[in-house]
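Labels run A, B, C, D and E following the written order; every chain starts at residue 1.
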Amino acid sequence: MTFEWIQIAYAALTLFIVINYGLIMTAVVRKIGARVGGRYGIPVWQNYIDLVKNFALRSKISHGVMFYLGPVFRLTGGIGLLLFVPTIYGSVMFQNFSFAGDLILALYFIFFGTLGMALGAGESGHPLAAIGVSRGLAQVTAAELPLALAVFAISLQYQTLNITEIVAAQQGSIFNWTLFTNPVATVAAMFAFVGTMMRSPFDVVIAPQEIPIGPPTEYHSAYLALMQTNRVLFPVAKVVIYMNLFFGGATNWAEFSIKVFSIYMVSVLIGVVHPRFRVEQSIRFFLKWGLPVGVLAILMV
Amino acid sequence: MKDVDKSFRKDTETEIPLREELQPRTVTAPDGQKIEIDPLQDYFCQEPPKVHKQSYLKIVEDFYNWARANSLWILGFGTGCGAIEMRPLMTPRFDAYRYGIQWRPTPRQANLLVISGYLSVKTLKRAIRAYEQMPSPKYVMGLGSCTINGGMYWDSYNTIKKLDEYLPVDLYIAGCMPRPEALLAGFMELKKKIRKGEGEGANKYAENFDWYKANQKSVIKDWDMPDYNW
Amino acid sequence: MMRDLYDHMKTRYRLGDLTEQRANLAFVDVAQDELRALLVELRDVHGFTHLVLLTAVDWIEEGRFQLTYMVNNRTANLTLGLRVYLDRKSPVGNTIHDLWPTAATYQRELREMFGISFPGSPRVDEEFILEGWTDMPPYRRDFDTLAYSQQTYAERGGRETHDPRDHMQKKLYPEGRP
Amino acid sequence: MVSAIYIIATGLGAGFLIGLLKDDRKGDAFFLAVAALAAMAWISVSWTLALTAGVAEPQQIITAGVQPPFAINLRMGLAEAGLLSVITLTGLVSAFYLRPALMQLGRRAAAVLVILVMALSGLVLTRDVFNLFVFFELIVIATGGLVLLSNDKRAVAAGFKYLVVSQVISVLLLIGIIFTYHAQGSLNIDDIPAQPMAFTGAGLALFLVLIALVVELKPFPANGWALDIYEAAHPGFSALFSAASATTALYAADKLFAVAGPDWLPLATGLGLISFLGSNILALAQRSDRRLLGYSSVGQIGLVLVVLGQRDILGDAYLYVAGGILITHAIAKAGLFWLSGLVTGRDLADWAVLRANPVLVLAFASFVAMLLGLPPFAGFYAKWDLAHTLVAADRLPVLVLVLIGALIEAGYLFRWFGMAMKRKSAVAFPGFALDKVTAVIIAMVAGWGLGYIWGAAGAHPNLMLATPLAFALLFLVLEPLPAWAKNLLAIAGLLGWVALRYPDYDPLQLVFALVMLAGGAVILLASFHVRGRRLGFYPPAMLMYAGLAMLIDAQTSFQFFAAWEILTLGSYFLILRGQDSEPHALSYILFSLGGAFAILAGFALAAMGIQPFALVNLAAIAEAGLAIAPWVFVLLAVGFMTKTAAIGLHIWLPGAHAEAETDVSPMVSGILLKAGLFGLWLLLIYMGRQTLWGVDLTHVLVWIGALSAFLGAVLAIFQEDAKRLLAYSSISQMGYALFGLALMNHLGWLLALMFVINHFVYKSMLFLAVGGVKERTHTKLMYKMGGLITLMPFTFISVLVGIIAMSGVPPLSGFGGRWVFYNAIMASDLRLPMVLIFITGPIGFLYLFRLIHTIFLGQLKDEHRKLREAPFWIVLPQMLFVAFLIAFAVLPGMMLRRVDAYIATITGDQALTWSGRVITSEFGYWNPIAIAAVIGAIFVLVLALLLAINHNATRVKQFNIVFSAERPYKPQTTHFAWNFFAPYRKALGFLESPVVTTFWGALTDSLHASADFARRIYTGNGQTYALQVVAFVVAVYLIAMGGVS
Amino acid sequence: MYLVAMAAGFLLILMGLYGALTHRNILRMIVGFTLADSGVHLVLVAVGYLPGRTAPILDSAVPLDEAAQRIIDPVPQALVLTAIVIGLGITALMLAYAYRLFRTRKSLDIAEFTELKW
């Protein structure tokens, strides 16, 4: 795994595919939600229109350098996360930049965007943005815990931190997936997954109506457009990690789209039937339910 | 009906002093130095609004206008009783989302300000602030007869009667109250306007900024904000 | 019931006639200097624990304001309105915010809308509903709201105004009242 | 040589001569007295010198021309000569000190003073029991006379109480003497044969003599009378009473214990321990300075009595140990009493007036250090040898009790010192009399000199000759220079030392040397911002650095421990300089000394009496599988963990770091904590895994590390004070390092090492940044700040880089640490502690974000609108650190590779492969340059996109925010900062409950309360005191003899 | 006989100490100590006494060569002389103190002089 210039083009291709996939998938998910509620729902291309509109806004303001850089950090975090993880197993084209680092890089890079966003939101000077950040950070400490334990468990199980190797170990049969070889770890990881997807019941961070929408309160125009892009990219990138670690990865784009969509729908389905937790409730929830499962996972390996 | 009492003259003499928190003050810096703070100057951006040119290429501008028309983000700000008529739009029966309409909780992310019903002077102040904080291009819709000519509040001592004196209204929807269907029809009309490139309320506001400001200040006697709220 | 109470109180306070609106709702005129004592007794002895409202009427012809303190006895389901009259030229009421904290809000409103002052009431001089109001208190009857509105707010021409009663009568009975 | 008899002759002669003078010739009387004392001192000192040099032989002086036992004989040996020097010199200095009082009272007082010194000398010299009694009574009479010198009206009563008790003692002594004589037929001490401690006539007689002499030592609890003297007498006399009388009485007791035989030694040990512990505990509740000194004297004499009880095992070292403690105490106590004469108020806090004179502060500090046996004073060597001997002779309980007592003594002495340094002086500054100051300085010089002598005389390397320490002490002399010059010299010294020693270091030492010394030099850059002379900063700072330099170089346990104590002392004085740091500095020094004592005990246990003990021999102990090995491990680990502030021992840290000065905080956080880590490192390298009761001790350390990391982080997020936040974060980070070390695998150690480097860099940087902000805003409370980003951009950048590095987000160097961490735990067999570590990572994110947000983002406050960037000299080191962090992030190999190879030589495995730019482990890989490049490229592209579209954004001001269509009222009400993580507090606030603080608080409170209660036995009634003496004698008799029969 | 003296001596010591430790009047205490001193002296002398021998004065009555058998032990005698002198000195000092104490408080009660305590 070494670097070649052509990989930049491949990575751009991956990025292009995933952004489009994400734009459409999130719209589809919203549409499904609308249909369940008896509505017609948004057009599937609505995300594109919103994106164009936001880029096309004429007046913009800036609260300062960090405010300006916040969305840049955010989107860099999303793109980087996507590109540091091999997207399609076995494909030379879609290994992206995974030569730079292993699973640990991916796990810690998740925080890159969060940090930049938090700083940008902080500089906007809006108290509600700060409250949103406070809530988000507080919640994520507990929510990420089961994932950390699950990752520890499976890296012990496969004796590697290399994502490609982990995926390779799950090939062959559906029963080689971590989901079946180590269901406890998978369950633990799914706690974290549901907890960090910003969907009900764990969406108190952006809680509209209460603290308008938390950190992005002051963001608009192209800033918001970048964040929207990230909003469709980042969950997919995250799902890719889960897919690679627990669900056998994907060997082609079709498998990719089905798996990503299915995993994504887990959080959606849980979200639509649960009311929102307050922060301390969700912390307690993760410590009470997620943590024991995670501990069980590392003890059982 | 009471006749107009010709003898009544409103008080035009009394001036309202600037609010305490906006008055210039002297504070002591940590190193003991006394420094002057003028809150309006120091804490608020003083720039006037800009008139934004359209794109050089018409086709680009048309494309943008198409996108703007199909992505109307409404500021969730109910000024009067008309706000109650907006809620049904989110329900399956009317489902405004299918037209690309959605509600945003912050003016920074909204393009459309719906003045839903009567505006008291106090609310007008907030509406102006919210409007000015929206990024352009932005649109204003007057909902209900109160915004048009005062409606049933035509003789109220505290309610404005002609919204377009104070904000550049793109569209009025008459009625007391207009039904949600009327609102939807209004949105469709607005879309058409925008697509035709006529949704330039923000530029109009910037061009006639002084006029609007004078009108606003003539009814808001305790003007306690910067001239333009960025 | 209400009558008994009235008779009982009458012996010690200077009360006007009792106006009984309903069996459980009555009004009585009270002297301003006895108001506080009366309220305290009603609250602490007779169970009128709830201040329903405190409002004012501008009797411009008589040159006075009428304050109505409506108190309610929840257990007996009785409501008693105490009417106090203030001179319209210099209306000063007695604050009762220490008896019912909610009264402070009513008093603020009365101060703003009628210009009745309540010395000692918390935040009574801060603006309440109106922001930056410089004119006379708008609920006074000598304040002409229409004139004020015409002199202040821009109007749109072409407005047709119908008196609702006449309009409906005309619409329903075009030939005139039966 | 002039015969020693002339000491007594001169004293007597001068005494009588003065008596013959006329009343009005006070000046002559004083001159005569001084001349006599000087002559006596000259004789003593010349004997001492001669005996030390080996020019003269010890001399037996036979009086009346008859051999003993038919006449009194005297002896002049080295011990006698040394003690006589102390006594006569103290007498001489005190005479000058007492001059106004002596002149006022006239010739009689002068005569009595000379007689007192003569009697004390006689007591030392005589070998005759009855002569002992005679001199003893002379001392009583002279003391009775001199007590009246005081201006204090209460002194009369004190003197009378003293006489009353002396009567009781003399009765006991006389009866004892006569029966001893009856049993032995001789009054010569040397003729008394060793007695078994038994219920025989001779035994009883000896008991009476011994107990009378012991009571004369004012043992706790039969000592109320002596305390009153200390409190009420003239300080000049108290100095004599404490330094000379007590020393002499102890020597008298020693003579008899020496002949009485080993059976009696446990009695001395026991009484000494009770005295040492008891009076030190009681001293805790004391607020009067002289009475406190009295308690301390009693305690110290008790300690020497303990040493006396160990003469059977100390052997040749007896004089060295006992003398070291005794003479140091005499000098220090005399000096302190003389100091107390310069202070007009009698409350401890009134000593704040001393701050007017830096020399006196130095003297005070020196005396306190002398009393506590801290290096480089003589008591230190004595304490070290005593501990080793005790352990070698299996007398661990004695050592433990002695150390506990010493810790308590340190508690009140350092509390006192802290009060003197930090309290507002309640009394006016009196102006210092030159003669009194001179006396104090003489004592101080003597103490330092004695330290040198003891260092030179002992088997250990002389600490004062160690280059780093000498360099640090040089700064005492250089104090009058301006701060910048001293700073320059300090930096040059540190860098020069590293350069000098560089070739001899192994990579591990090199890393620590670079962090502690070269890093220290970088931090010292920040000190350039202080103008003026900055008195009292450089000596302690350099003392700390000297200790660190010596610690890295240490080869033997002695060197290590001495370095440890030196750096502790230096850092204590540094910490004490902070604003409200008095209580924190105290708890720091107490925990540190407690830890140091644990280390002392551990080393003593390991050495088993063999000295010098090379540190590498720890490995031999571990390999031999001795039963003591785990205990050595535990003691040393606990000692080191007091410095790394592991949870449970951490309560000193937040306050100490938070209150310290701007440039001191990074020193004590970034550098000082590493000393503990260094110790732990050596311990683990040498001793490896140890098992106690079936528990692997490294597993315990792993748990402690994980708990420290977790709780430190949780506590940090609830702090409102920026420096406290960073301090708690240090606890957390040190927890990580401890965790890594205790994993006992290659990568774990590499992890710990990365934490050593990284934590130094980013914590120093953050402390400097926050300190710089504090310089400008004059507050440490974060919620009072906000929006400083545009005003202090450089500081903001360093905080930003610092928190990215610290939270482990790629691409900065913290990520390397996390990556190594994951690989390390994969190789470890421990799993459960990881849970705590895993949750700690994101929690760290919480407090870091809070730090940067509440200070730099959000709303700028009114009064901060015109702030400037932090001073250049504070920003400069930060920028250096930023540059280093970025370089270290991209090229971690530049330092780690060598260390990795070095660790491989210890663990014997090669955990990482360094191929090109990629670092590969058994489990994963990591390419720092690729990461940085990819992230950089993406970032630039996205930024370019944003700039292309939003380049024309209007720059708005802080109140241009959407505020639900309102406008913000004031910045204070708009900045969301206070109680930032309120929901977290709701969910996990219970972790915040101060269990540890409550525990230590309860411990100290109960000690205090019992002290306050117990000291009520001193009713002030002379009769009660006499009764207590009788009861004490009876009780001792019953217990001692009861044990026998 | 010497046993009686010794017993008397000890009795005096105990009486003296008892007196000194129970009486609160300072003068009485001093008297008590004097009494105890006397007792000690008596004990001292009694210890040195040997039945049937004479005083240790070397004159014509006791020839020098027989002295060792004829006289009692002279050392305690010497000691007692010294002790008496010293005892006198201390008693004098105590009395001087008593006078001074009385002057400060106009009282001789030992329990009055407890300003210094704890």
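Keep in mind that, in the parts below, a contact is a pair of C-beta atoms (placed from the backbone, for glycine too) under 8 Å apart; a residue touches a chain by one contact, two chains touch by 3 or more.
All values reported here derive from a predicted model rather than from experimental measurement.
Steps from chain D to chain E, minimised over paths through touching chains, total 1. Shared contacts of chain A and chain B, meaning chains that touch the two of them, come down to D. Leaving out chain D only, the groups of chains that stay linked by touch are A, B, C | E.
Distance from the centre of chain C peaks at E, each centre being the average of the chain's Cα atoms. Of all the chains shown, the one with its CA centroid nearest the global CA centroid is D.
Per-pair counts of C-beta contacts peak for the chains A-D. Chain centres here are Cα means. That of chain B falls 36 Å from that of chain C.
Chain A and chain D have centres, each the mean of its CA atoms, that are 54 Å apart. Computed from the mean C-alpha positions, the centre of chain A lies at a distance of 100 Å from the centre of chain E.
Centroids of chain B and chain E (each the mean of its C-alpha atoms) stand 112 Å apart.
Of all residues in chain D, those touching 2 or more other chains are 954-956, 958-960, 962, listed in ascending order. The set of chain C residues touching two or more other chains is empty. The residues of chain A that reach two or more other chains are 59-61, 212, 217-218, 221, listed in rising order. The set of touching chain pairs reads A-B, A-D, B-C, B-D, D-E, using the touch definition from the header. Of all residues in chain B, only 21, 25, 27-31, 33, 35, 37, 39, 42-45, 47, 50, 77, 106-108, 126-127, 129-130, 133, 224-225, 229-230 touch chain D in the complex they form. Of all the residues in chain D, the ones that touch chain B in their complex are 776-779, 862-867, 954-960, 962, 965-971. By the touch criterion given at the top, residues 13, 17, 20-21, 24, 26, 29, 33, 36-37, 40, 43-44, 47, 75-76, 79, 82-83, 86, 89-90, 93-94, 97-98, 100-101, 104, 110-111, 113-118 of chain E touch chain D in their complex.
The touching residues of chain B, counted against chain C in their complex, run 1-2, 4-6, 8-11, 13-16, 121-122, 125, 148-150, 154-162, 165, 215, 218-222, 224.
Within the complex formed with chain A, the residues of chain D that make contact are 787, 789-790, 800, 803-804, 807-810, 815, 818-819, 822-823, 825-826, 831-832, 834-835, 838-839, 841-843, 845-846, 849, 852-853, 857-859, 918, 921, 923-927, 930-931, 934-935, 938-939, 942-943, 945-946, 949-950, 952-956, 958-963, 974-977, 980-984, 986-988.
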